[in-house]
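Next come two complexes built around chain A: one with chain B, the other with chain C.
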Partner chain A sequence: MEPDTVFATLLAQIRDVVPELGAHAFARSDSMADLGVNSIERSEVLLLTLDALGLKVSPIAFHGARNIGELSDLIHAKLAA
Partner chain B sequence: MSSVGIEALGVYGGAAYVDVQELCAHRGLDIQRFENLMMREKSVALPCEDPVSFAVNAARPLVDRLSESERDRIEMIVTCTESGIDFGKSLSTYVHAHLGLQKACRLFEVKQACYSGTAGLQMAVNFILSGTAPGAKALVIATDISRFALADKGAIEEWAYSEPSSGAGAVAMLVSDAPHLFRIDVGAHGNHAFEVMDTCRPGPDTEAGDADLSLMAYLECCEHAFRDYARRVEGADFRDTFHYLAFHTPFGGMVKGAHRHLMRRLCKAASSDIEADFTRRMAASLVYGQRVGNTAGASVFLALAGIIDTADIGGPQRVGLFSYGSGCCSEFFSGVVPVDAPGRLKDAGIAAGLDRRYRLSMGEYDAILGSTETVRFGTRDTQLLPETMPGIGNGVGGTPRLVLEAIAGYHRKYRWI
Partner chain C sequence: MPSSPLDRTAPAVTGIGIATGFGYGKDCFVEGLFGGRNLFAPLLRSGRQPAPGEKRFIGIEVPEPPEVLTRRIARTAGLSARVSVAVVADAWAEAGLDEVDPTRIGLVLGGSNLQSRELMLAQKDAETRGRIVSPHMGYAFFDTDIAGLCAERFGIRGRTLSIGGASASGAAAVIQAAELVASGHVDACIAVGALQDLSAFEFEALSLMGALSPGDRCRPFDRAHDGFMFGESAAALVIRRGDAVLPGDAYGCLTGWSHISDGRRGPEPSLEGELRAIQSALQAAGLQPGEIDYINAHGTGTPLGDDTEAAACCAAGLTHAPVNATKSIIGHGLASAGAVEVAAALLQMRVGRLHPTHGLENPIDAGLRWVQRDPLDATVRNALSLSFGFGGVNTAIVLSAPETA
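And now, the complex of A and B:
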């Protein structure tokens, strides 16, 4: 799977969980926390993204990403592993 | 199959509380951000209150209601806590003494963060089921307070994330072969556990951790503990098997998020169905937690008490419980609330006890946090003046309240007032 596809899937879940960000122009350097996405919503975004990509890995494996670009890269690396 | 479970239950939510919204405003926290806590009040342990006094005050009313012959069948006391006061001597020794119970009794303490209460309950349940002491009863008390050393402004800022939700409270449960309040589904349980550094108490008055990691671990655990439950219990279905659900409640929003996760993952439910299901099956579980804050080991049982006290118990109702303790260990288990349980639990007067608490002003609250009177872990000698503390004279509904009065040579001295 292409890295861009993973990133697009992640953005789709963010927009699903936080509809207020529907019109936001996301950059890889955006952090969900800085955009006002609360901790429960952040967890949900990650779990939905893993579901959408069919990735059966503990969400804890993706802890530590500082922005959505890094998170997307971590997910992509797991998919490729 | 043998009948076992909770015969009687008592709750102690402290002598004083603060309003969470007022606290957020006082600390300059974004109120919007904290709305997802779904919290209204949090109990505050006064300097003359500790995990022992909380435990005894929770248990005393239910012990008083027993006949002498029933009291003498209490053969095990398990205290469950992450707020211990000594590395060796367990809280249960003090609890046993101040409840005046007979001496042929096992006394010990268990720890696994907020999972401790469930560990203690399951230990007691299996003691009763073993049949090695027919007719015996066990007293399980989950008791926790959050008291951190807020020495300076920096410490307060560091604590800002968890301060509004960190509460104090104890739930005492009499476990026996006469489960008037909650009959355990014997053998119906599921576990999920793994090592993770999400939150911990590395020092006597400090808490450390990563909130996001803890949320993830909680969500992973609730799904997989239920899957393990379903593996053992034929036909178990998250949506249909349980009339009500009671989860460990760090704050209401966490429970709501976990319920949504399970409904999506296990039941493929639509968003509108999830909201309605949450209100129907879980709203009652939050009524007391919203008033005391996170009570750690006690919170899942406080949630159960909320269901028995405020939900519609028109017939025997099966309740699914989820317990999570950072670090981490978790369990999903279940039992049945009999139709006459609400009438029996009324005697505990839980809501009235919370109503009697004193509302601290922000000035009084900050004074308590910074007080030199606050007893720290390892204190050798001190003298307290309980009568001077706000709210301590409000009573515990007709029964006296136990308070910590002094420490002499590490030995804690308590007094009924």
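And now, the complex of A and C:
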């Protein structure tokens, strides 16, 4: 799977969880927390993304990502592993 | 303590929001009570499908609630929560609570295990996916989350809580809210009878214990009664001190109430308990039985429940008062019923007309004054609303017209 596909999947989940961000022009450097996505919503975004990609790993494996670009890369790496 | 009928501090109901199978709002509810429409039909919500080969459960489902929440919040709230917010919004606006100090506003949510259908669906979804994908479930499974959601949406900062009393939960919420106002803990309190979102599991269990009607009509107090029929509903009532309310702004006052236990568990009703609740509420209101002009019965349609309630009303000396059963029209909302029926009683008092009791053709007891097929014009100064719940819960609430209280 291409990295861009993973990133697009992640953005789709953010837009579902926080409809107010539907028109936001996302950059890889965006932080969900800075965009006002609360901790439970961030957890849901990650779980929905993993589910959409069929990745059965613990969400704890993705702690530490500083922005959505890094999070997308971590997910892509797990998919490739 | 409940107030005497001449005590102007008797808690008064100044706002009502309601949801039933007829839709949202008081107008369509009152129209429905008198319109003669039969709403009972096979239940269609996901999670209410019977076992393969079994016929669908019959009841009434409410329409989708109006959008009171943002999409971001609404997607994390279940049906019971979204309907609660919708009825609170109506009651709040009518009562003008924007003008009240939010730290002096409380909310009592009546009902427990309110979201069982959605919890069951979430469990099935988690089994399919191999994990839970909504961490919101970690807080939303508490009934109190619905009270929290209302508090967040409307800025309530006084006391909020949820309270359970099975099918008397809504009445218990009204009583608790009245006591919070009467005791001065808050200046205004919203009592919510929350929508009980049953799953097929509860329908099956209620059916197995013989409480649910196997038929397709609800017949409270009729010789052909054979169990209750479910109907989704919810109501919110804003309760304020009577002396803080302008004449004409109140639907009525809560002049007496009683909430007592039979001292036992399970579904069996108790004549002694029901009679004691009625007598205690009348005493608290300072009224004689002959001063009650109307009874909104619990009237579920279960044979033992109906027989016991009719016997209690007779024993209490209430054979003169017209009796009807709102559940015959909108179904039994379980948690919501008590609050919905207080609203129904107050709205009937206001229009001076009592709704018919659907399906009541051959009454079980000729000694009571049933409102059967035709509505009855009536000037109601004092009404009695009865609600009973599994677990030995008996409640009785006396409602008095504003000019009487």
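By our rule, the second predicted complex is superposed on the first by the 81 of 81 C-alpha atoms of A that agree within 3 Å, B and C clash if a C-alpha of one lies under 4 Å from a C-alpha of the other, contacts with A are read in each partner's own complex, and residues count from 1 in each chain.
In the analysis below, contacts are C-beta pairs under 8 Å (C-beta built on N, C-alpha and C of every residue); 3 or more make two chains touch, one makes a residue touch a chain.
Keep in mind that what you see is a predicted model, and the values were worked out from it rather than measured.
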Counting only touches as set out at the top, which of chain B and chain C does A:19 meet: first, second, both, neither? second
Applying the document's definition of touch, where does A:47 land relative to chain B and chain C: first, second, both, or neither? both
Is A:63 touching anything from chain B or chain C once the two structures are fitted on A? First, second, both or neither. first
Please indicate which partner A:38 is in contact with in the superposed arrangement: first for chain B, second for chain C, both, or neither. first
For chain A, which residues lie in the overlap of the chain B contacts and the chain C contacts? 40, 43-44, 47-48, 51
If you look only at chain A, which of its residues touch chain B in the complex? 38-40, 42-44, 46-48, 51, 58-60, 63
As the complex stands, chain B meets chain A at residues 33, 36, 196, 210-213, 215-217, 219-220, 253-254, 256-257, 260-261, 264-265
Give the list of chain A residues in touch with chain C in this complex. 16-20, 40, 43-44, 47-48, 51, 56
Complex interface listing, chain C residues touching chain A: 70-72, 75, 129-136, 138
